[in-house]
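Got some structures for you, see below.
Consider the two complexes below, in which subunit A is the common component and subunit B and subunit C are the respective partners.
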Partner chain A sequence: MNTIVCVKQVLDPEIPPAKFKIDPGTKQVIPPPGVPPVISVFDERAVEAACRLKDKHKGKITVISMGSAKAVDVIKHAISMGADDGYVLQDPAFENLDSFGTAYVLGKAIQKIGNYDLILCGRYSADWGAGQVGSILAEILSIPVVTFACDIQAVNKNLRIKRIMKDGYEVVEAPMPSLITVSGEIGLPRLPGGMGLMLARKKQIPIWKAQDIGADPSPLDKANAHIEVTSLSLPTRKTECEFVTGNTPGEAAVNLAQKLVRLM
Partner chain B sequence: MANHKGILVCGEIAQGKLAPITIELLGVGRKLANELGEDQSVLLMGSQAGGLGQEAIAYGADKVYVAGEGLLDDYNSDAYTQVAADLCRKELPSIVLLGHTDVGCDLAPRLNGRLGGGLSMDCVALSIDPSTKLLVSTRPVFGGNAQATMMSRSARPQMATLRLKTVPPAERNESLQGQVIPVDSKIDPSAIKVKVVERIKEEVEGVKLEDAEVVVAGGRGMGSAQNWEMIKELARVLNGAVGATRPPCDEGWAPVSLQIGQSGKVINPKLYIAVALSGAMSHISGCLGSKCIVAINKDKEANIFNVAHFGIVGDYKEVLPALTAKLKELKLK
Partner chain C sequence: MSPVSATYWGIPGYVIFWALFAIAFGIFIRRVYFLIRLLGLGKPENRFDQLRQRIIDMLAINLSQWCSLKTVSFKDLSGIGHALMFWGFGVFLIGYVLFMGLREGFGISVSSAGSLFEKIYLSLMDLSALLIILAVIQAAIKRYVTKPERLERKEDPKEALIENIKMISLFTTMILLMLFYYWMEGIRYAFNNITTSWPPITGALASFLAGSGISQESLSATYKTIWWLNYLLLLGAVVYTPHSKHLHPLFSSANILFKPFGSKVVLEPIPLEALEAPEGSVTLGVSKIQDFSWKQLLDLYACTWCGRCHVNCPAQLTGKTLSPREIILNLKEHLMEAGPELLANKGTSSPEVQPKTMSKTMIGDVVAEEEIWACTTCAACQEVCPSNIEHIRKVIELRRNLVLEQSKMPESAQLMLRNMQQRGHPWAGVQSMRLRGDWTSDLDIKVLTDGDSVNTLFWVGCTGALVERNVKATLAMTKVLKASGVDFGVLGDAETCCGDPARRAGYEFQFQMMAEQNIEMFKSFNIKEIITTCPHCFNTMKHEYPKFGGDFKVVHYTELIADFVRQGKLNLTQALNAKLTYHDPCYLGRYNGIYHDPRQILEAIPKAKLEEMERSKEQGFCCGGGGGLMWIEEQPGTTKISHMRIEEVHKSGVEMVVSACPYCLQMFEDAIDHKGMKESLKARDIVELVEESMKKS
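Moving on to the complex of A and B:
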């Protein structure tokens, strides 16, 4: 079973909110110095889902990431978890693309790789969180899409997917190949082992440019963007926290209880 | 592009009635339509759709498109996408609005992928830009650390999913007039590639998280499934529901259905008690609508204190037992 996983490199979403800075002029986020970017959360869980399928059914996992040359790091992370191959898609023409542009580039790379039974994406990316690249990609590739998977099984040449819903879940069956977007509830990603880390270190990660994947200029032209960010701002919050104290933690708790009862 | 006109709401039906999110969408859609001087229509699917036409008109739809096939009673991604895409290609709405619900989160990006529009997901505000007359969608980005506005200059339709309970519902007005138009939805069975095998509703014990007036939530700092019992105990005393950040769900201390935040549930209780959780924005964005937030955390720099109304800086192991006991005593009186 051959799986392609689309992984994005993002600003570490766990930096404390106080360190989060933006430039409203360029509508970009200013990464704090010394904090390395990471693999987007749901994409790492998508790699985990691919590894679980590989554990059971063998086959090959290929990981692709569109971004800067540094995206090699997220590919290597996926390889250390159990992926086999990876490609970075990097070209000045790929910078600041909207979801359609991104899906177009990913689609071109996937067509070049070929021979896949399954494509995995995250349900949304941890930075801009457009929440749509997977579905657009499936439309481009004309394959079925199943969103928000929390479990994926391969059963008799079909895929059986548990989809997380607000008040429960749904089980659906899809043919191969299909595209599946993975949700956090699939569970924690595995930690890379020593062997995986060694393989990742040694692995050469090719970088593909627009011409390597046969990407046309027109879908990458900013003038053809489907949507654009027109402003970026920090949310304004103004809550004054009243700290409740006491001589002991227990006394503080009692004082808090009295305040709360008055509210209810 | 000039041919695209009007607003189309993709409606949802729940327990035989218009879903609350659909009534909220009809409210905000009406405002946008008035500003543009255009019509608002709504698409309803399934065998109950026909019976709700007048209802949708009373809530502000000028036209109700009814795709009444029984095949559409339950959500099926392939079938719904096909019906909605066919309607959009025929009627050419300029704006298409959906709820940020199980249905909308799946349908909106597919529909957009098929139509080539411009979509913003999980919006908290929608308006019309006065000079360009374009839809302006406001949405949290970077896990809620920032907010962006988005616009589609040329792609049509302009699409958005709206977060629940961010706008007031439309007011019902029996005297409003409108048209109910059946749509001839010829669903091609061969186009239904993904089949639903089963749907499981998970019943939670006690009060439902989304409806609860009091929610007690714990975070990673609780440290173990055993200590998690203290969260449950406080919730019980307050007749509230239990919530969690992501780590307790990942660790299995709490069921995944209790995760609150951007990738979990969005709640608006009267009282939210946050214990041993740091207050990451992607968690906070799920509970910012709470009337009163109370935080218990041993780190006084924790971000949760920036959004809390009351706080105790301390170890929950020392604070919670006393808090629970005192509240029990005060409530008994």
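Moving on to the complex of A and C:
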């Protein structure tokens, strides 16, 4: 079973909020010094999902990431978890693309890799959180898409997917190949083992430019973008602290539960 | 009157003597050979370096009995009894060889009867016998009357009964051997009509027998009977010891001979070639008993069941299931069970086969995972162990297997290790976290950039750079360094973790990569000397980096400041006016023997009144934060180690607990907060007090 996982390198979400800065002029985030970017949370879970399928059914995992040359780190991270190969898609033309442009580039790279049974993406990225690339990519590749997976099984040449819903889950089946976006409920990603760390360390990660994947200039042209950022501002945070009390721990718990119910 | 030259049932005495000797020593050697072959199941490890020094150390420790005397306290005097037995039996052993083996067995006399040497030596034996009897009585009282906690074990009744029978037989044998000795010598003196006051007890017994009018024939016959009984008893002991823990004079001594040099806990890197080997052919860490090195297996034989580790382990004392003693004893039992079959399979096509008789998995059935994750690596166990057993090394080897091969660890450990791997430090997700290097802003400090060269680096460490409370100590440190005229640089946001939490949690490759990266960086700045505030960074860089090619002079700041105080470079003038106690960080004290310098600094601060806690210096009690446990959740339902320690601080009646380690500071801040002691007790770092005391008014 061959899987391709699309991963994104993002600014570390663990940065203390007070240290998070943006440049309103360029409408971009200013990365703080000394904080290495990391793999986007849900994308890492997508890698985990791919690894679990590989543990059971063998096959090959290929990871691609569009971004700067530093994205080599997230590819290596995926390889340390159990992926076999990886490519970084880096080109000045790829910078600041919207979801459509990104999906186009990823689609071109996936077509170049070829021979896949499953494409995995995170449900949305930890930075912009648009959650669109997966669905657009499926459209480009003309394959089915299933979103918000919390469990993926390969059953009789089909994929059986447990989808997380607001009030529970549903189970659907899709043929191979399909694209699935992975949700956090799939569980903690594995810690790379000794073998993985060393494999990743040695692995050379090729970098593909626009011409390597045969990308046309027009979908990459910013003038053709579907999304425009009009302004960017920091969210204001307000915290209120209230101690929920009660005469007994049980009573306090009841009071707390009531408050939570009201807030929901 | 020689028993050996007589004839018994037509058989010459010496034939019986040597036949019995051959049987007993045959059994002894066979057993010891088997035990040594079991050691051969282990992996190779070089502990034969500096052999001369090793032999000198072992003789010094053994002959002086420092091994058992180092833990003597008013509460536990048994070390003295042990020393008396050791010296007493040493004298007897030589006596048995000289007077029984050589004189009776071979007919060789090393000294003529009545010579000065013989008089002195027999007097020595005479007194030794008395001391041995007293020591045995003390041991028996200890075991059956006062019953200290350390000797208690949860065993099934059958095993406990067998153990009791063994111990009682042993005590009886030792006392009988001594009584037989007096009796034999008394008769010999009486038979030969020697009256003497030296040896005193033998002499007195001889005069009593001479005066009692017993005939020469009965004396001679009795002598022979006792002589043979004594001989049988001795040979019985020779047969028994290698089948029991009482072979420890041999294996504990060997263990001291092969003890680690340098730091208290020596961890071996996993060679990277291990990963080149075909999958399944190499185990990362230890998952089967034969994955341990021979030295780690020797540890198991060296255990004397004294239980000192058990009663000093902070995990055990706070109600966790971990007991360093039980780990050692359970592993030994496992080795004994699995060993024979492993030996039989050794050399066959697949040496790694699991013995059929054994359904036990080592991690899980022999040592439980929760025990493995409860260790703070504080080394209290190793400090008190009379046999230099390396408990911590084993725990780390087991963690390595869990993390690197099985990917099994508590979630909290996994989160920390993921942070180490992705972010280069263990602190992500912590409230009030700072950004690496942001503490340097607005300070006139040399932050190293590419191409810089500096002799001395101030290595801040993750906690000192990232955690708000600890940054205060870092800032104090920079002021102290400047005031003392030290020319230093810092790495700012280029600093990463030294790797210690990864290594202690078993994530060895992550540690090795970090060590290599750091060493490379230090070399690129031509750094020769590193000053650290964190004892964990200190220990790692001082003792563990050299194995990766990083030989730097590593100094802990307490050593440095103590030096400045002694040289008068730092004048501590502001009075502190507080009663305080010093908590020894494990990695500074036990791991590196730095007990004096921190205290000297505190004593140099005017009006600081230093009180010692009951558990301090070598016996210092862990704060609970070492070995990765700063981030790994303690076993639910048990007391937190830091809470127990803060109670001890509280009991000492001080208003300030001072440490020299960022982990201790963190743990104490938390514990003080949790216990609601914020008003009455403050946690401080020494360097903060130093900085305040040097301020000009």
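We adopt the following convention: the second predicted complex is superposed on the first by the 235 of 264 C-alpha atoms of A that agree within 3 Å, B and C clash if a C-alpha of one lies under 4 Å from a C-alpha of the other, contacts with A are read in each partner's own complex, and residues count from 1 in each chain.
In this text, contacts are C-beta pairs under 8 Å (C-beta built on N, C-alpha and C of every residue); 3 or more make two chains touch, one makes a residue touch a chain.
Values in this document were obtained by computation on a predicted structure and should not be read as measured data.
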First (subunit B), second (subunit C), both or neither touched by A:Glu173: first
Subunit A residues touched by each partner, larger count belonging to subunit B or subunit C: B
Subunit B versus subunit C as contact partner of A:Gly34, first or second or both or neither: second
Touching partner for A:Pro192 - first (subunit B), second (subunit C), both, neither: second
Touched partner set for A:Pro16, first subunit B, second subunit C, both or neither: both
First, second, both or neither for A:Glu228, with subunit B first and subunit C second: first
Overlapping contact positions on subunit A, where the subunit C interface meets the subunit B interface: 14, 16, 188
Partner subunit B, residues of subunit A touching it in the complex: 11, 13-14, 16-18, 20, 22, 27, 29, 42, 98-100, 103, 123-124, 126-132, 134-140, 144-148, 150, 160, 164-175, 178, 183-185, 187-188, 224-235, 237, 239-245, 248-254, 256-261, 263-264
Contact set on subunit B toward subunit A in their complex: 77-78, 101-102, 105-106, 108-110, 112-114, 116-122, 136, 140-155, 193-202, 214, 238, 246, 249-250, 256-257, 259, 262-263, 265, 270-271, 280-282, 292-295, 303, 305-315, 318-323, 326-327, 330-331
Subunit C residues within the subunit A interface of the complex: 270, 272, 274-275, 279, 284, 403-405, 407, 409, 411, 414, 417-418, 421-424, 428-429, 432-438, 492-494, 507-510, 513
In the complex with subunit C, residue positions of subunit A that touch it: 12, 14-16, 19, 32-36, 38-39, 77, 80, 188-195, 197-199, 201
